[in-house]
Amino acid sequence: MKASEVFVLVSIIVFIFSLAYITSLGGLGQLPPVNVRVLAQRYLELTWNPLKPFMSSSGYESVTAIVWDFRGLDTFFETAVFYGAIIAAIAIYRGVKITGKGKTIGMSPIARTITRLSIVLIPTVAASIALHGHLTPGGGFQAGSVATVVAVLIIMVFGRKAIIRKGLTKSRILLLRSLGLLGIGFTAVALLLAAIALGVNAYIFQNQPKPFAPLGFPKIYDGMILGGSLLLFNFFEFIAVTAGFTLVLLLLSLDEKDVRKVVVEK
Amino acid sequence: MNLRSAIPAMILSFIIYIIYTGSVSPYDLITGVIVAVIVGLLAGEIVVKDPGKALDPKRLAYLVKYTFWYFFVAEVKAHADVIKRALSPKMPLNPAIVRVPYYVETDYAMTTIANSITNTPGTVVVDIDPDRKIFYVHWIDAKTSDPGEARKMISLEFEENAKKIFD
Amino acid sequence: MILNALLIYIGEALVAVGVFCDLAASIGMIRFPNFYTRLHAATVGTIGGAVVPLVGVALMALGADWLGNYRFFLAGASIVAGILILLLAPVGSHVLAQAAHKAGLAPREPIAFDHLEEDRRRGEEK
Amino acid sequence: MIEVFTLAFLMLVSVASVVAAYLAIRERDMVKAIVFSAIQSAMYALIFYVLMAPDIVLVYIPVSVGITPAVLLFVTKKTERYDGD
Amino acid sequence: MISLHDEITLFILAVFPIYLFAFTLYIIRAVRGPTIPDTVLAIDALSFDIAAFLALLAIIYQSPILIACTIVLALWVYALDIYVSKYFTAEEMGE
Amino acid sequence: MNLSLMTAYVVVISLYVNLGIALYGIFARPSLVKKLLAITILSDTANAFAVLVGYRWPKTGTPKPPVYTNSTFNNQTLHYYVSHAVDPLPQALVLTAIVIGLAVTVFIAFIIIQYYRLHGTVDVRKARR
């Protein structure tokens, strides 16, 4: 071990101990506590509360309600950040041709057959997670990241070129991703547009009717809990996240010598 | 898009959706049908080659019978054997990789045999040669090195059933 | 009521079998000498130790009526998880074994005879 | 009674996560390090599960056990496998 | 005569220590495993068993909705197998 | 000192140790890929802290996930839910933090590949010369 390494180690240990000391003085309090904070109690109360229709959200699940209703604007910008990171990654690969020509090697026939079968099973489960995001744990992010496993498996088991030959080229995946983002944006302002047409008031990211803003997404119909805008947000986020992850993995799986020709000699 | 090959995929997708959500409320039925139609249309051609075979009730009956036989007879025997080996103090092992030929045509039948072999403890398919139709099976207690004998001991019953179901 | 009790007892029996397989598999994982023999112990762990208890949990959940309506979700999701493990786990072991043999990652001894190695050599000579 | 066993499980999982994280950082072979970091992520997922956060488990396992190792293995394949001298 | 509810709780608490012992052995194999396939195989078996164990925990906590996590665990650990074997057999990961 | 408090401290201490290990990896290991791995461990540990702060153990019964599971609604069920469910706010924040963290990781990964193409190494000590 060299002197610099020892110095780093000692300073890290001192830092951690000071952090732990501050925490034990009352930063985290006693763990685990009996009660949660007042703000959290408010959120829990208002998630599903027919007695307070103007303040409550429209689903059973508190996390989804916070993510897409109480704090929807934050999540929208977060999705935009993810989109920006993908655009920045594509910028590095500008000019690289992505084609489906040439032969693929892939893996053993047993893995191929099972992967083909799982193309039906896994998206079904993912869609179930997305469409029940307001009733059970789940939602757009979760379902999107579950559905990405199909993309990973196809890239690894059949080869990258197979996914392109099936029609999922780079521009189409980007289009799908943009459609998802547009859908989220449209759901956010849909009530605003409707309110302008009808001549009443509405807020951006409004889910349920509020005082002074009488419009709202359907909450419950014939005994079925529809979840209002949460359902739409979850669905569009599912599409956007799946397409984004697929695009990232597709770019990462490009052959190094093809990329090198374009990127380094430029 | 081939509509006929999409139907079995749709049915499979719908069944999985309903089992996973575990309820038959109108909301689940409606969304289940929508999801099944979309997934079936997208994946039908990749998954199902011959739609007539997939909906044949005789083959499905064989599949159910095979599942029961497999779980209650083959698996129990193999599990008992490997657990005995793992827990006995002397640990009797005689591992080897043997050739096991197979004589089925379709991919699904081949995969059924291979997965059945791997899922019974004591035998694992290490590699496969699809041109010469040979599995290379790692066998924890190699009783023979002759491919024909090994096939009789390891995969004959799986193969007969797989032939009835998929070929 | 009797049906509930029956379901719960069958489920508990299956879970008990699963726990025993799990324990045997983990002991086998420690004791077996090389990677290829440990594959067999891992198979015991996945089929006997995961699929069987998942089915057992599904039966227990169907019988446990104090869990409310969501118990059908519990049962269905564990059945689907069991089916997926049954399909995917053997493929996982197979591709791992194939990669280990092809790239020579793990020692093969002790082994009585190795037909795959023979055939591969013969293929290279040709 | 449930409390005691829950907390015993948490203890085992957190100790295992420390071991896995240490090995992931010390290991010179990047492939091994990535596999160890996958163990560490799985252990964190169990902590999240016991802390009653199913939503986070649902998004954390795909991201940390699935996609991050995939990205890092892609990077390792394209660059160098061994770290340091 | 105890109720079914208490009986299930007692049963799960009885199998709990065995599970913990088995997990400890798996983790030891995963950490010690002389080669990479050993480690990956141990993680594989460990995760499938943990999937079954999490289902039991969902019953004992009386929160059936926790079950959604098991399927995700089972799926992605399989993907880890595929990555590692692809890494060692192929020239480029996307072939 | 009761048992639950002790175990909570074990979890907290192990998280601190992981934090230290991750910081050591970021500062002392030469490979850029290893640094990226350490960054992911660091962010995961921070997320685990956030969720740990939102945990609770109610006086009666076990804690519940923050999902309302009763199909009927009255004051009693609502009170049961509010007094047993854990804090949903840190979970919602961590949920978005994980996805942003993944986006950052992917972006850094692309930059590392580009760095290797231009410099021929991912070792910061060799690249300095």
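Lettered A, B, C, D, E and F in written order, each chain numbered from 1.
In this text, a residue touches a chain if its C-beta (ideal position, glycine included) is under 8 Å from a C-beta of that chain, and two chains touch if they have at least 3 such contacts.
This one's a predicted model, so the numbers in the text were calculated from it and none came from an experiment.
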D-F compared against A-C, more contacting pairs: D-F
Centroid comparison with chain F (C-alpha atoms), farthest chain: B
Identity of the chain that, by mean CA position, is farthest from chain D: B
Distance from the mean Cα position of chain D to that of chain A, given in whole angstrom: 21
Distance between the centres, which are taken as Cα means, of chain B and chain A, whole angstrom: 34
CA centroid of chain C to CA centroid of chain E, Å: 10
Junction residues of chain A - those touching two or more other chains: 61, 63, 107-108, 110-111, 114, 117, 121, 125, 129, 136-138, 141, 146, 149, 152, 248, 252-253, 256
Two or more partner chains touched - positions in chain B: 16, 20-21, 114-115, 125, 127
Residue list for chain E, restricted to those that touch at least two other chains: 23, 36, 40, 61-66, 68-69, 71-72, 75-77, 79, 82-86, 89, 92-93
Interchain contacts (touch definition) - all pairs: A-B, A-C, A-D, A-E, A-F, B-C, C-E, C-F, D-E, D-F, E-F
Residues of chain A touching chain B in the complex: 108-110, 112-114, 116-117, 119-121, 123-125, 127-128, 131-132, 222-226
Footprint of chain A on chain B - complex, ascending: 9, 12-13, 16-17, 20-21, 25-27, 31, 35-36, 39-40, 43, 46-47, 107-108, 110-111, 114-115, 125, 127-128, 130
List of chain D residues in touch with chain E within their complex: 1-2, 5, 8-9, 12, 16, 19-20, 23, 29, 31-32, 35-36, 38-39, 42, 45-46, 49-50, 52, 54, 57-58, 61-62, 65-66, 69-70, 73-74, 76-77
Touching residues (chain side chain C, partner chain A) in the complex: 70, 73, 80, 83-84, 87-88, 91, 94-95, 98
Parts of chain E lying in touch with chain D, wherever the complex brings them together: 9, 13, 16, 20, 23-24, 27, 30-31, 36, 39-40, 43, 46-47, 50, 54, 57, 60-61, 63, 65-66, 68-69, 72-73, 76-77, 79-80, 83-84, 87, 92-93
